[in-house]
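The two complexes that follow have chain A in common; it is paired with chain B in the first and with chain C in the second.
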Partner chain A sequence: MLGLSFVELIELFIKVLIFPGTLFSLLFSIIVIWFERKFLARMHLRIGPLHVGPFNRLGLFQPIADFLKLVQKEIITPSRANKFLYDLMPMLAAFLSALSIAFIPYALDPSGGYWVIFYTPLSLLVILVILTAKPFIMVGAGWAANNKYCTIGALRAAFQLLAYEIPIVLSLAGIVIATRSFDLARIVEAQSSVWFIILQPIGFIVILIAMMAELLRRPFDIPLAEQEVVFGWPTEYTGVQFALVMVAEYFDLCVTASLITILFLGGWSGPAIPLLHDISPMLSGIFWFLLKMAVITVIVIMGRGVFPRLRIDQLLESGWTVLIPLAIIQILITLATAQWWLPLIGV
Partner chain B sequence: MVLSILRPFFLGLYHVFKRTFTVKHPYETLKPPERHRGRVMLNMDRCIGCNSCVNICPNKALTLVEFNGRKLPQYNAGRCCFCVLCVDICPVLALSMTHEVEYSVYKKEDHIYPPDRFSQPPEPIKGKIVTVKTLDKKFGVKHG
Partner chain C sequence: MKLSMGPQHPVTSHFRFILDVDGDAVLNFEWDVGYTHRGIEKMAENRIYIQNIPVVERINSYCDAIGTTLGYVEVVEELTGIEIPERAKYLRVIAAELNRIASHLYAVSLVGISAGFETMLMWTINDRELILDLLVKLSGQRITYTYPTIGGVRWDMPDGFKEDALKRLDYLEKRLEDYYKMMAWNRTFQMRFKNVGILKPSDAVKLGIVGPNLRASGVKADVRKDEPYEVYDRFDFEVPTGKNGDSFDRASMRLKEIEQSIVILRQALKDIPKGPIKGSPKGSKIPPTAPRGEAYSRVESARGEFGYYLVSDGKSKPYRLKISTPSFRNLPALPHLCRNVPLGDIPVIFITFDYIPLDVDR
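Moving on, here comes the complex of A and B:
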């Protein structure tokens, strides 16, 4: 079957079903939703989720209870909606967001390869292509719902994602120029002695801001602004379709955090953790990867607690006139100074 | 400009470690203040059925009903605006405000208090009753 041996097949199943596949990404979304609610509540001097779950009123199972509630609810389709597109888009959103996870290497395999579901030397390019498909889903869903709020939200999302995809690609260009590779695993190996956040700090800031805009998080949540367009393009979705939209959003957060970790924070590289390293060197790598991911996730979530929403003209202006020039400056600096630090990354 | 972006981050992080203003409500409840206006309570022995409270009520929360051969007010907590006009107008001091804090019910019929239920005092508050102990600028409010 598939030309794989039995051991390889078992390994593939573990990768797809447990880590970094289904179970990990779902657990990540559940934990992040809980953490986001609790953390934001503490920032506002509130308590947050309280009742559901064990451990002395922490509300740990609140996201699971919310999900069960959403699954039980009736699916309502607006009478004038384009039913096929309307039903297709949430599924496509969740599918595309989950698809990116397949190309991200999470650790070194004990047998010599990388712990990744599907290895390809063009993984960075594939993830960028999947990222580019996101505005299509939003515009499609917003148009199919045949609702003013959905349409306005979808058009705003299209503006925003177009303005912020270019800085992302440009700031990635600096890394691709330095490592001469689209392979995420190769990029991590290049950072074994020094991380790219030190060599390319401007690129890191640009990609962090642009990714927050790409995820439609708080300072950039103009397409979802409650006060103006109810909930933007997913306004009409109910029940399990809304759950899919939410899951897609948190899968995106997972992919983004992993991507920034790999590109700028050295991925799984880090000093060996004594206990984990004795069991398997891979576990130590996974620990470092998840720790770096958590830091990025907390920074992205904090934006929601501390910043007010930008106006759409401020957003587009900062995208086109600040971030893109900064990214280009980063490329120029990379080209000018590469001869001094290229030996460091072993190219 | 960079400082104006970074400062809120530190302020937010600082707030995370402060004590919360709110309490864990069903398990802890803030003690209602002395002049807190809870739902109205009737003293059935004093009431003379004069209809004054029904007339003055701006929301028609009170209606006069037949009860054990007497005319007594019936109360609808869902309509009440806690204006205390009925308590003020009562000539025989049969009405008073209580310290009830939990009003949520599953059916809107449960908001209607017939005279016998109207004259019952509210159920005591479940869980711990807490008050504000200290107001600290550095660590926030302390309940206890």
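Moving on, here comes the complex of A and C:
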């Protein structure tokens, strides 16, 4: 079957179903949603979710309860909506977001190779291509719902995502130039002695900000601005369709955190954790990977408690006039200084 | 594209805006009010004077109930010529200023949420609760107090109220610094609120804007100073004014006014004399029948000038009670400022004027 041996097949199942596939990404979403609610509640001087789940006053199972509630709800399609596109888009959003996870290597495989569902030397390029499909989904969903708020929100999303993809691609260019590879695993290996956050700090800042805009997190949640366009392009979705939109959002967060970890924070590299390392060196790598992901996630979440929302013209202005020049400067610096530090990363 | 914003919308509450939107720019702005009209002026004609206090309170129940009822009892007292004791005057000022603080904190919280700044909303709403607790001690209610009554106030201060109030005011003064920092040190906040919806002083006067919004434009006008009622002429306080008249000034004006309210409260709590709290020593149970005539009173509520015009034909019920409310008088500013602006500025401009739909419609 598929030209795989029995052991390889089992391994593939583990990868797809457990880590880094379905179970991990769903668990990540649930934990992040819970953490976001509790953490923001603390910033707001509130208590946050309280009663659901074990451990008193933690509300640990609140996201699961919310998800179950959403699944139970009736799916309502507006009578004037384009039914096919309207029903398709949430599924497509969740599918595409989940698809990116298949190309991200999470650790070194003990038997050689990488712990990744589908290995390709062009993994970074594939993820970028998937990223460019997001505005299409938002515009499609916003248009299909046939609601004025949805349409305005979708158009805002299209503007914002198109403007902020360019700095992302440009700041990735610095790394691709340095490592001469689109292979995420290769990029991690290049950082075995020094991380790219030190060699390319401007690129890191640019990509962090641009990724927050890409994820529509505050202060860049303009397409979803409650006070202006109610909820932007997913306004009309209810029940399980809304749940899919939410899941896609947090899958995207998972992909983004993984991507930044790999590109700038050295992926799974880190000193061996004694206890985990004894069981398997891979576990130690996964530990470091998840820790770095957590740091990025907390930074992204924190924006919601600290900033008011920007206006669309301010956002586009800062995208075109600040982030893109900064990313280009980073490329120029990379080109100018590469000869000194290229040996450091083994090129 | 015509966009009907409200009356079911997260930010407009019971207003409806009819916007001409081109992409993200608002070309034309019209308001449509009247969704909360209850006919309070007509209701007031069918009730005796003392029954009308809770009725007029419903004009503005959840924000500045004391400021609303104070104007009404004053106009009745002016018509009937009832003298009220000194202590009652001080208690009225204390209640009014506490309620002004609560109302302004509520306004600042909405300013935060108008640009999606949830932290500001939660912090200010949290601290508003401290002031509401004080008002509970004073009157027994959280939002609809019915505290001032014709000829005095309903209840006296409980024991320990003074110390408790001073302690809470000290805490609030410290917290005000945090709020200033939230506004002035947060670059994103300034980007959203500075130079947005600039209302020039001449335009503000021409449009008939009142209250903190007028003062934010740089016009020094405050009924408490210009035409002191109760005992406001005995206190030493300033009337803060803004410089640019933009949304940032209007938002920070609320914080400055809270500061001045704290100043007034401290003096009032210190100077308050002993004595009765109601006009008649036994406590009048019979509502007064006002003599034939007319009277007008105005008070500075949290949102601005409340005006009450009362006509009596000598019976036990008012012949006509005309109420002019601050939110209604601030309404002309919106179409003036909301044309040719980005859609994102509409909630910011709207919220910084601190409208209450109940107040607009009566």
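In this text, the second predicted complex is superposed on the first by the 347 of 347 C-alpha atoms of A that agree within 3 Å, B and C clash if a C-alpha of one lies under 4 Å from a C-alpha of the other, contacts with A are read in each partner's own complex, and residues count from 1 in each chain.
Going forward, contacts are C-beta pairs under 8 Å (C-beta built on N, C-alpha and C of every residue); 3 or more make two chains touch, one makes a residue touch a chain.
It should be emphasised that the depicted structure is a prediction, and the values quoted were computed from it without experimental measurement.
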Touch test for A:I152: chain B only (first), chain C only (second), both, or neither? second
Report for A:Q227: first if it touches chain B alone, second if chain C alone, otherwise both or neither. second
So in the superposed three-chain picture, is A:M302 touching just chain B, just chain C, both, or none of them (first/second/both/neither)? first
What is the contact status of A:K73 with respect to chain B (first) and chain C (second): first, second, both, or neither? neither
When the two structures are laid over each other on chain A, which of chain B and chain C touches more residues of chain A? C
Going by the contact rule set out at the top, does A:D313 touch chain B (first), chain C (second), both, or neither? second
Quick check on the superposed pair: does A:M43 touch chain B, chain C, both, or neither? Answer first, second, both or neither. both
Looking at the overlay, does A:R57 come into contact with chain B only (first), chain C only (second), both, or neither? first
Mind sorting out which residues of chain A both chain B and chain C touch, each in its own complex? 43-46, 305-307
Of all residues in chain A, those that touch chain B in their complex: 39, 41-47, 50-51, 57, 302, 305-307
Counting only contacts in the complex, chain C reaches chain A at residues 1, 3, 9-11, 21, 23-24, 112-123, 126, 186, 188-189, 191-192, 342-347
Seen from chain B, its contact residues with chain A in the complex are 8-9, 11-13, 15-27, 140
Provide the residue numbers of chain A that touch chain C in the complex, in ascending order. 40, 43-46, 148, 152, 155-156, 218-219, 221-222, 225-230, 304-314
